[in-house]
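What follows is a structure written as structure tokens; I'll ask about it next.
For clarity, chains are labelled A, B, C, D and E in written order, and residue numbers in each chain start from 1.
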Amino acid sequence: QTAVKTAPAEKTVVDMSGKTVKVPAEVNKIVVTCYGGATNEIVVLGAADKIVGQPSQENFPHLLKFEPQFKNIPDAGSFDNISVEEIIRLKPDVVIASVTSPKGNKKLEDAGIPVVTVLTGRATIDGLKKEFKMMGEVLNKENEANTLIGFWDSRLKMLKDEAAGLTADKQKKVYYMLGIPLRTDGSAWGQDFITTAGGINVARGVDNANQVSAEQVLQWNPDVIIMSSNIGPTKNHFIMADELKNNAQMTNINAVKNNQLYQCPIGAFWWDRPSPESILGIMWLARTLYPDTFANINLARETGEFFKTFYHYSLTDQEFKAFFNPQSAGE
Amino acid sequence: MELIKKRNIFQLIFQSRDGLRVIKGGALFALPPLLFIISFTLGRYPVSPDLLLNVLAAKLLPLQHTWPDTVDTVVFQVRLPRIIASMLVGAALATAGAAYQGMFKNPLVSPDILGASAGAGFGAAIAIFNSFSIIGIQASSFLFGLLAVLLAYAVSSRIRHDPMLALILSGILVGTLFTSGTSLIKYMADPYDKLPAITYWLMGSLAAVAPRDVLSVIIPMLAGAVPLYLLRWRLNVLSLGEEEARALGINTGRLKFLVIVCSTLMTAAAVSICGVIGWVGLLVPHLARMLVGPNYKVLLPASILIGSSYLLLVDDLARIMAVVEIPLGILTSLIGAPFFLYLLQRSRRGWL
Amino acid sequence: MRLELKNVTCGYGSKPVVHQVSLPVDSGEVLYLLGPNGSGKTTLFKTMLGLLRLQGGEILCGGENIGNWPRSRIARFMGYIPQAHNPPFPYKVLDIVLMGRTAHLGAFASPSENDQKIALEAIEALNISHLQNKIYTEISGGERQLVLIARALAQQPQVLIMDEPTSNLDFGNQLLVLRHVQKLAQMGLAVVMSSHFPEHALLSATKVLLLHKGKVFGAGRPEEMITEQSLKTLFGVDVKIITTTIRKGGETRVIVPLVQ
Amino acid sequence: MRLELKNVTCGYGSKPVVHQVSLPVDSGEVLYLLGPNGSGKTTLFKTMLGLLRLQGGEILCGGENIGNWPRSRIARFMGYIPQAHNPPFPYKVLDIVLMGRTAHLGAFASPSENDQKIALEAIEALNISHLQNKIYTEISGGERQLVLIARALAQQPQVLIMDEPTSNLDFGNQLLVLRHVQKLAQMGLAVVMSSHFPEHALLSATKVLLLHKGKVFGAGRPEEMITEQSLKTLFGVDVKIITTTIRKGGETRVIVPLVQ
Amino acid sequence: MELIKKRNIFQLIFQSRDGLRVIKGGALFALPPLLFIISFTLGRYPVSPDLLLNVLAAKLLPLQHTWPDTVDTVVFQVRLPRIIASMLVGAALATAGAAYQGMFKNPLVSPDILGASAGAGFGAAIAIFNSFSIIGIQASSFLFGLLAVLLAYAVSSRIRHDPMLALILSGILVGTLFTSGTSLIKYMADPYDKLPAITYWLMGSLAAVAPRDVLSVIIPMLAGAVPLYLLRWRLNVLSLGEEEARALGINTGRLKFLVIVCSTLMTAAAVSICGVIGWVGLLVPHLARMLVGPNYKVLLPASILIGSSYLLLVDDLARIMAVVEIPLGILTSLIGAPFFLYLLQRSRRGWL
């Protein structure tokens, strides 16, 4: 043991699985082994250039526009399906992984690599804010994290204030369509997403993304249907409003009759799934459900501000409009 | 001609000594229509029996339309296609299973044995992966189901030794290949996006069946079922084994090919509208054999009657049990397996 | 109607087991194939029925080569009683016998009343009416053999090929079957059968073909073929053939093995 | 060593097929079970071996009830040659014969050189050394029967139970096996076998048990039991039993069926 | 004693007439150690052969440590456990498969037939669903694998008729039950997190094997393999069928139970560390039978040698083929199936 080594300074963080992790004080190389907005978090916290390995981001062309180097970053796998040797070869200071892949994470820890877990799909609004803070600590970007949390808090408060005027009888019943017409979501995030925007999730009894019968939807008779753009039956072929209107089983539903059918937008990430950007998604949904109640929300401005502040990117009107046409994302 | 055959079926069913069998025979014929009617009143959306009668009558008589339009939608757009589809699929899988069990001289064989389901599943997965429309998924599923079986058949024909075992082995092989292909697609699919779609699709469900779907499978199903039904006597002879059947005057090569094509048409069509529903093709022929014996002259009709009733019953359960639809593939197994176990233990002659 | 084998060579894969066998059988004849274990009797039968590929020679029926006949035509012409038989599904005995009618039915047809009548007659002819409604997999080995014979009768062929039809039969049933064979021959069938009992050949054969290691060792009338000499060569056994008078003035030849 | 059945009743499920059979066999004896098809011979054998449950009575060996014997002890005591046999994996003939040694091996042992020697001797004794390295599934039906007999010999039991051991054998091999049976009896084995040939019983049995519809119809010395009368009753056949002298001054009785 | 047996193995392997077989026999024994060494140099992280030699030598000799610590980690923490695990799993599945094929007299049987994999998969799924630790997942998987088989065994013992078929049927039934259970869990799992975890886990992979995992399975695997190896002669006799084996002096009830317990121990242990890897247990015994014949005295050792080499080879491919590993379960099928097809068509005697 003659090699001279300067012991790196370390710090400890408590990650989202409640585990205390030792990470280098200075994090310069990051490998991401999950989706769920982890990459976006790193980007908005200003550490995009430190990512040396992560799963493909081809689903997010808007993100690739201002982080084009992501196209060439090696993919060392995701969740439990990771290549340990490849990650060792990339010599990361820390791996950002999901709380849902303990097997893969453990293997990395055994190889002596610090693993910090994030909530990915299991996030709630509160959880997400905690996660921003934790990531700020890991990346030494506490200020950026606080700015982000501040943005969230102010918008959440605004939503809450405006929604105060919504009486129970004015609240709209929302059906959140995941990929195929009969699958919906009543899990933590699906619930937060809709209720924060002032809606009632008709599927609140339904735990996770699950299939229901056509009759059930007929009985719920939702006022509005929102269609996820991240879990299509097919890639870039999400459910279209026309498809529902032409479906004889659906024609008698209020939402279809009144043409209250909306596709969830895609920004730098899916707006209906947890990520730093999902606050924009919540505002979009609130405005969509109650254009009058939330008339104060100027989504274009909010989005522009978010992208300017956190992505350091000036969004054009055209780019903003493209967010609402998920099909175009693939082109 | 048709009349004579029908009389024979009755004759054979009722010929048995014990009166119990007469009742069983009658029950067999009464069951499907009975369940058909009952099933209309079941579901998450409440439709009372007399409202149902009104709705049905209104299709024929100029009744006053006092109920909401939604009721019409529920009855004709949601329940009717679903009931018909489940009966069709149940009958098809049971028929294919019965035919295969005879052809392979093996009571453990199911219609999937030559890779039809595996192929159809792969076809669906690849269609989902490549963003096809729903109709595209169905077509791809059907075609790959056929392709898988034809491939297995082609491969087996290059093996000289013991053609039946060769066929089964080739089928298992091709099936595994397609299943791995499906896994590979699942694996390559974005876990946030395609994976759940593919996984759920493979579990099998009739929840989304539309009238159009029923129309699109009725032709391949009839094209498969009618020849098999007509060939049912020859299935008896085939079940004695290749050599003996040939000595008794059967062109086994051609008959086997016909049985395979017909069974595959039905299986692939079934998978293409409602995903992989295992177990029916294995269970129902056994059940039928316990009730009416191994003679295909009665076994095949009995399988059709029991198969359609069984799947309809299970699907009724799926519809009424919970808000969330439990996939039919899961339910058929969860109900079928213990039921089958019970039968096995009770029956005097085992599974025969 | 004549069945004729001309220089037939056959076997498994490309290896010949039986070489250059020629044999004509006519209506009314009973041809016995005698030969030691493994001499190729079963192989030859399977080839005659087209279940094994012909390696050489040809098989003619009424002068016509049957190589291209459809299976159902062959089955209407030749009935087969196999040597070994795996019990299939638990069919009733009557159903098994009815399956003998298959070659006479249209592709999509099931047996008619008439077919049923023919099957029942065949069952009766073999005195096994009591088995009729039993399950085939639950009767004794000898009983199964009788059922298979009944099935071949129901098939109403012109040539009957029987591979050791008496091997599992009791003493009484053996003679029953032999009597049947003779009756069938009288009715105009040609019967080709193998047997391990030269004495049976003396009782009921009109012609004998001796097979030795896949080659024809001799063919002709039973009295000429079954001699102390030929049995010694074929089976390595010393025997004495004696003639004894039986009641009603008939004469029978019996084969007495010379043991110790 | 004596094997004794006392009032044995047996059958399938709870339905008796064989009723109240008593029979003692001693070393050196050859007991023939004669009876029509379906009279219960195979059933009785399977019960003696403990393969079917005893419904009544008991089976004694040297006075000891074998009901609780472990299988390996039964196998060292009794060898069995089954009537029907499904070909398994394509084992070599020698391996099949070696399996007869199993009961003599420790639970975790494989056959030793000595076992191999015994197996080879058994094979030689039946003149089938040429089959030794052949594949069991690719030899003729009669050849298989000989292999199974060799296996039973390799088992070196004190009682040999043979269910129609000659039924698929050619004329020469039949006599070979009969000679063997006698040799084994002289060596001190007790042999119990079924046969469809009363003549064979006359040739080699020391005792005969007649079985009729599952009941004992008679038991005793072969000359006493096999009479024109008893054969008529059991099998419904008219026969004449004649005595003929064979070379070397010996006498043999032959059974001549009276046909036509 | 051991020596005599070994000689016999060699003897039997080399006894065959053609010299080709002698080479095959030698190759069989040489293959595993050879592959073992080669496998150390393969992987995404470059370790040259001479560096590897140094690293290995340093474990025994006081060499100067001139390479980065990471190399040690790669060799001893990543590659070593993985190589050992793949060999263990391959050998275990092949042995279990060979034993089952004999016991059931059926060359189409795989070690999963009694539900071991289905049970183990269910155990893992339920553990993942409930967010157990990795050790918890492994333990649950192993226990449910055992449970499934014992359940099948218990059920079958209540059926009188034809015990072997009863066992297979019960196994299929119980297997279906557990598979449906797994599907149900998959269905209930959040598609955004648990579903991919369960799905990937079921595809089978050795990517995450740690030294601890190897230690945790080595005991059940040996506990299963050693008795089977010792009982290999009796497996021959058992393959003649229940009745004949009993007549030859074997307590078939006890032997069958032993074979089942041993095979299940191995299968469940294998599944518990690396998920469901099908196909090995079916393919390898066939391959071995083609090479050395059906006699278990040589078939079992040959299966062990071929099984360990085969899975190691496939896993090596998995490691080097792509950055992101293709699950082993998929690879074994994608490679195994065509290979098997090729063998089938070539071999003179079919699959025997």
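Criterion: a contact is a pair of C-beta atoms (placed from the backbone, for glycine too) under 8 Å apart; a residue touches a chain by one contact, two chains touch by 3 or more.
Not measured: the values here are computed from a predicted model.
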Show which chains lie in contact with subunit A and also with subunit B.
E
For the interfaces A-E and B-C, which has the higher count of C-beta pairs in contact?
A-E
Going by average Cα coordinates, which chain is farthest removed from subunit D?
A
Chain centre separation (subunit A, subunit C; CA means) in Å:
81
Please report how many Å separate the Cα centroid of subunit B from that of subunit E, as a whole number.
34
CA centroids of subunit B and subunit D: separation to the nearest Å works out as 51
Note: subunit D residues in touch with at least two other chains are 86
Give me the residue numbers in subunit A that touch at least two other chains, ranges are fine.
36, 78-79, 81, 121, 178, 207, 209-210, 231, 273
Subunit B: which residues touch two or more other chains?
107, 160, 187, 191-192, 196, 200, 327, 349
Between which chains does touch occur?
A-B, A-E, B-C, B-E, C-D, D-E
Which of the residues in subunit B come into contact with subunit E in the complex?
107-108, 155, 158-162, 165-166, 168-170, 172-174, 176-177, 179-181, 183-184, 186-187, 191-192, 195-196, 199-200, 203, 278-279, 282, 326-327, 329-330, 333-334, 336-338, 340-341, 344-345, 349-351
Considering only the defined contacts, which subunit B positions touch subunit C in the complex?
4-5, 8, 102, 105, 107, 160, 230-234, 236-237, 239-241, 243-244, 246-252, 289, 293-295, 297, 349, 352
Once bound in the complex, which stretches of subunit D touch subunit C?
12, 35-39, 42, 83-84, 86, 138-143, 145-146, 164, 167-175, 178-179, 196-198, 203, 231, 234-238, 240, 242, 244, 246-248, 250, 252, 254, 256-260
Residues of subunit C defined as touching subunit B within the complex
13, 46, 49-51, 70-76, 79-80, 82, 85-86, 88-92, 95, 99-100, 102-103, 105, 107-112, 135, 155
For the complex, which residues does subunit A have touching subunit E?
1-3, 36, 74-86, 88-89, 91, 98-104, 106-107, 110-112, 120-122, 178, 187, 207-210, 231, 273
